[in-house]
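So, here come the structures, one by one.
Next come two complexes built around subunit A: one with subunit B, the other with subunit C.
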Partner chain A sequence: MTENLTTLLNFLPQLWEGVRVTIILTVVGSLGAVIIALALGLAMTSTHAWLRVPARIIVEFFRGTSLLVQLFWLFYVFPLLGVELDPMICGIGALALNYGAYSAEVVRSSITTVDKGQWEAAIALSLSPSRRMIRVIFPQAWALMIPSLATLLIQLLKGTAVVSFITLQDLTDKITQLRQSTNDTYFAFTVGLIIYFVIAWLIQEFMNFLERRATAALGRRRPNSRTDRREARRLARADAVRKDRSTSRAAADDGGGDGLGTGPESGPASGQGGRL
Partner chain B sequence: MPLTEKTPATPATAGTPAIEFKDVEKSFGPTTVLKDLNFTVAPGERVTLIGPSGSGKTTILRLVMTLEDLTDGYIFVDGEPLTFEERDGKRVEMPKKRTREMTTRIGMVFQQFNLFPNMTVLENIIEAPVHVLGKSKAEASTEAKELLERVGLSEKADAHPTRLSGGQQQRVAIARALAMSPEILLLDEVTSALDPELVGDVLGVLRDIAETTDITMLLVTHEMQFARDVSHRVMMFDGGQVLEEGPPDQIFNNPSHERTKSFLSSVL
Partner chain C sequence: MIWNWEFAAEALPILLRGFVNTLIATVVGTIIATVLGLILAVAIRGLPRWINWIVRLLVAFVRNTPLVVQLIFVYYIFAGIPGLVDVPALVIGFIVIGIHYSTYMSESYRAGIDSVPPGQFEAATALSLPPVRTFTAVVLPQALRATIPSLGNYAVAMFKDTPFLFAISVVELVTSAQQFGAAKFAYTEAFTLAGIIFLVASYPTSLLIQRLDRRLATY
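Let's turn to the complex of A and B:
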């Protein structure tokens, strides 16, 4: 075990190189995926068939073909057509397109889930179509789509492992090297699991933060507004009273009994799944 | 419930109508809801639509607000075509932008309030005045606060709609519609979703608007006393047609159709 740790220690700079590649692929790939998802998702909700139909076809195409084949296409077929792409660009491109297509469906269904009455109120106020979307519909859809997007972005992180097929030395690639130099399969892959888990956990935390912000903006909780601080004080007092009582009874606080106190915790389920 | 006599004087009916339905037809798929519907509403007139469920009252208001597509016929606002116009004997759709300009003259309050939950009360009210009418934020906010005062909610400017009671939300929705200074206000069963004890406040606000402004109102309500007090005219709908119409006194006390009688006895 100490030998393994020494090897790991010596290997750290290289391992970090791999982590860096994986993180770049994940972060830039995610950004690309979200941008593609927004563009295609919005297009799929359009009333114009010339926007909706092509978007739907693109989405189905990239959802229906494997990430690996898309990657090979960018890496091996594009050069045949005279376009040489950096492997990193290929990796990011394939991840963004593939997960962007999946996420586009999330964007579309979140937008259609927003109450029809919100559209109608926006029309009744004569808001232009773009303002309707930007100011009224999208902020509400955004809160709905974050949990499902979080799941997809974590899948994207896991999907980055395929880039080792196109010469990129990512985390998975480095873990394989570690295994060879330690000759300890168990050790190397456990290190791999832990690092992937930590990155996934960071993504989840970040998405939870975005979700809290988005639901707060929907008035479930708005940090720093005067009414909210008053509300918070009131809830804190009520809580203190409840705690006093429950300590004597040692009963678990099931919460949520307060009509107004719909905190972010009791809002739409954070984390996996969502309500799509 | 005895109805007191308090019919307001009807505005002059001469001149260009505020709203005109001309040969309007509306179908949802194979079901025709309105057919060959013709009527006008004079500027400043307050008209209540009554009629059995499914008779098309909501559909009429939604057509005026351009929330539904017109199957056939024309709707004019201040004599100008709203969604379709006749050009060289052909019925052509108006440009969307023009229709949207026309709708700035029309406000609507919904049964379910439909406030924007991602904005504060004040932001809800100033959104359209700032971004549609091009008012400055400062000007729009000042006016919004006056409107909130008027609906009795000046304390709630910075609150979020989700924190308000139904009655308060509906009064904000009324303020939001008024902030656009509409010539026409459409009210579709605006108290139906409210607890009974909250209805009074909302009707009070509407009475105040009816008494102090000359906004044309087209309303659907089950509050017959209210309808009687504020409206100049009552239109009884049945099967997508105006069955009979007249001043509230006449319709409520002395309806000429059997169907109006049985409808009224079912709601009064």
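Let's turn to the complex of A and C:
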């Protein structure tokens, strides 16, 4: 075990290199995915068929073919077409296209879920279509889409592991290297998986923060937020105490009323009466 | 554009042979995931608090770490245990994919069980049904109605994740495309066909699931 730890310590700079590649792929890939998602998602809500139909086809295409097929297409086929791409660009491109298509569907469905009255109100105020979208519809849709986008973002992080197939030295690649140098499968992979888990957890926390901000901007509170849960617990406690009191009161009444007409509100008086 | 129909015709049977492995991995993986997912969902509801906490942590761990890394990890573990060296990579593949997706499916089951109105539990208690029968005859049939479409979606997602078996050199669709492409230097035909096969298989399935979703919707 101590040998493993010293090997790990010596390996740390390299491991950090791998983590860096994974983080760059995740961050740049997700930025690309968000841009693609917004463009395609908005196009899919358009009333013009010439925008809606191509966007729908693109989305279904990139959702339907697997991430790895897209990655290999960029990596193996593009050079044959005369376009030599850096493996990093291939990785980012495939991730952005694949997860962008999934997110586009999220963007579309969130925009269509925004209450109809909001659209009508914006039209009644004669806001221009772009102002209607930017100032009224999108902020509300944004709050709705963040939870799904958070899930997709973690999927994207997990998806970055496939770039080790196209010669990139990401975290996954470094884990297998660590395994070779320590000769301990369990140790190397446990370390690697924990790093992935921590990155995913950080992403989740960040997205929760974004969601809190987005809902606060609308003057609402996040569904099932920490404050809500605390409030519910407090109410439940108060309720339990009240119930407790009324049962002890009933006991004190000693069969006098069997709870007939002794609501918890009229409590204190009748309770005292029992004791007197 | 360089497209050679001869290569394409040559590649197709090879790809379809690889596709058989893809289908095996998807079907067996789905069976494992649906069964294990239900067990996990029930276990998380029923177990004492501290075991529950450990199970939930493990589920979150499997869910939030890459399938590729898990595949390689289990592959090496199997290679290190003398009795398990001969286990085919495909078997390791569907076991790991099944476990990975069971963590997702358990969440769907949980949502489905939560969507059953509390009155149903109370009615079952009032009829003094034993807990097992309450669960199998009252809760589960209603919960499944809400769960099946999302299970289907996960099955399709799993289907699209089977190319990750490339990591442990299972010759499935994409791996066979890659091998064919490398041998003949015909990547264009091989990967394009692989993409088309994926699209043709997954798009109609997701349309079917959408229709199922609408038919099963209670509200």
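One rule holds for everything that comes next: the second predicted complex is superposed on the first by the 220 of 276 C-alpha atoms of A that agree within 3 Å, B and C clash if a C-alpha of one lies under 4 Å from a C-alpha of the other, contacts with A are read in each partner's own complex, and residues count from 1 in each chain.
The rule is short, and it goes like this: contacts are C-beta pairs under 8 Å (C-beta built on N, C-alpha and C of every residue); 3 or more make two chains touch, one makes a residue touch a chain.
Just so it is clear, the model here is predicted, and its values are computed rather than measured.
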| item | value |
| --- | --- |
| Subunit B versus subunit C as contact partner of A:185, first or second or both or neither | second |
| Residue contacts on subunit A - larger count, subunit B or subunit C | C |
| Touched partner set for A:127, first subunit B, second subunit C, both or neither | first |
| First, second, both or neither for A:135, with subunit B first and subunit C second | first |
| Contacts on subunit A seen with subunit B and repeated with subunit C across the two complexes | none |
| Touching residues (chain side subunit A, partner subunit C) in the complex | 60-61, 64-70, 72-73, 76-77, 80-81, 154, 157-162, 164-165, 172, 175-176, 179, 185-186, 189, 192-193, 196-197, 200-201, 204 |
| Of subunit C, residues touching subunit A in the complex | 1-2, 60-61, 64-70, 72-73, 76-77, 80, 160-164, 166-167, 174, 177-178, 181, 187-188, 191-192, 194-196, 198-199, 202-203, 206 |
| Contact set on subunit A toward subunit B in their complex | 115, 117-118, 120-128, 131, 135-136, 139-140, 217-220, 222, 225-227, 231, 260, 262 |
| Residues on subunit B engaged by subunit A in the complex (per definition of touch) | 65-67, 100-101, 103-104, 106-108, 110, 112, 114-120, 127-128, 131-132, 158-163, 173, 176-177, 180 |
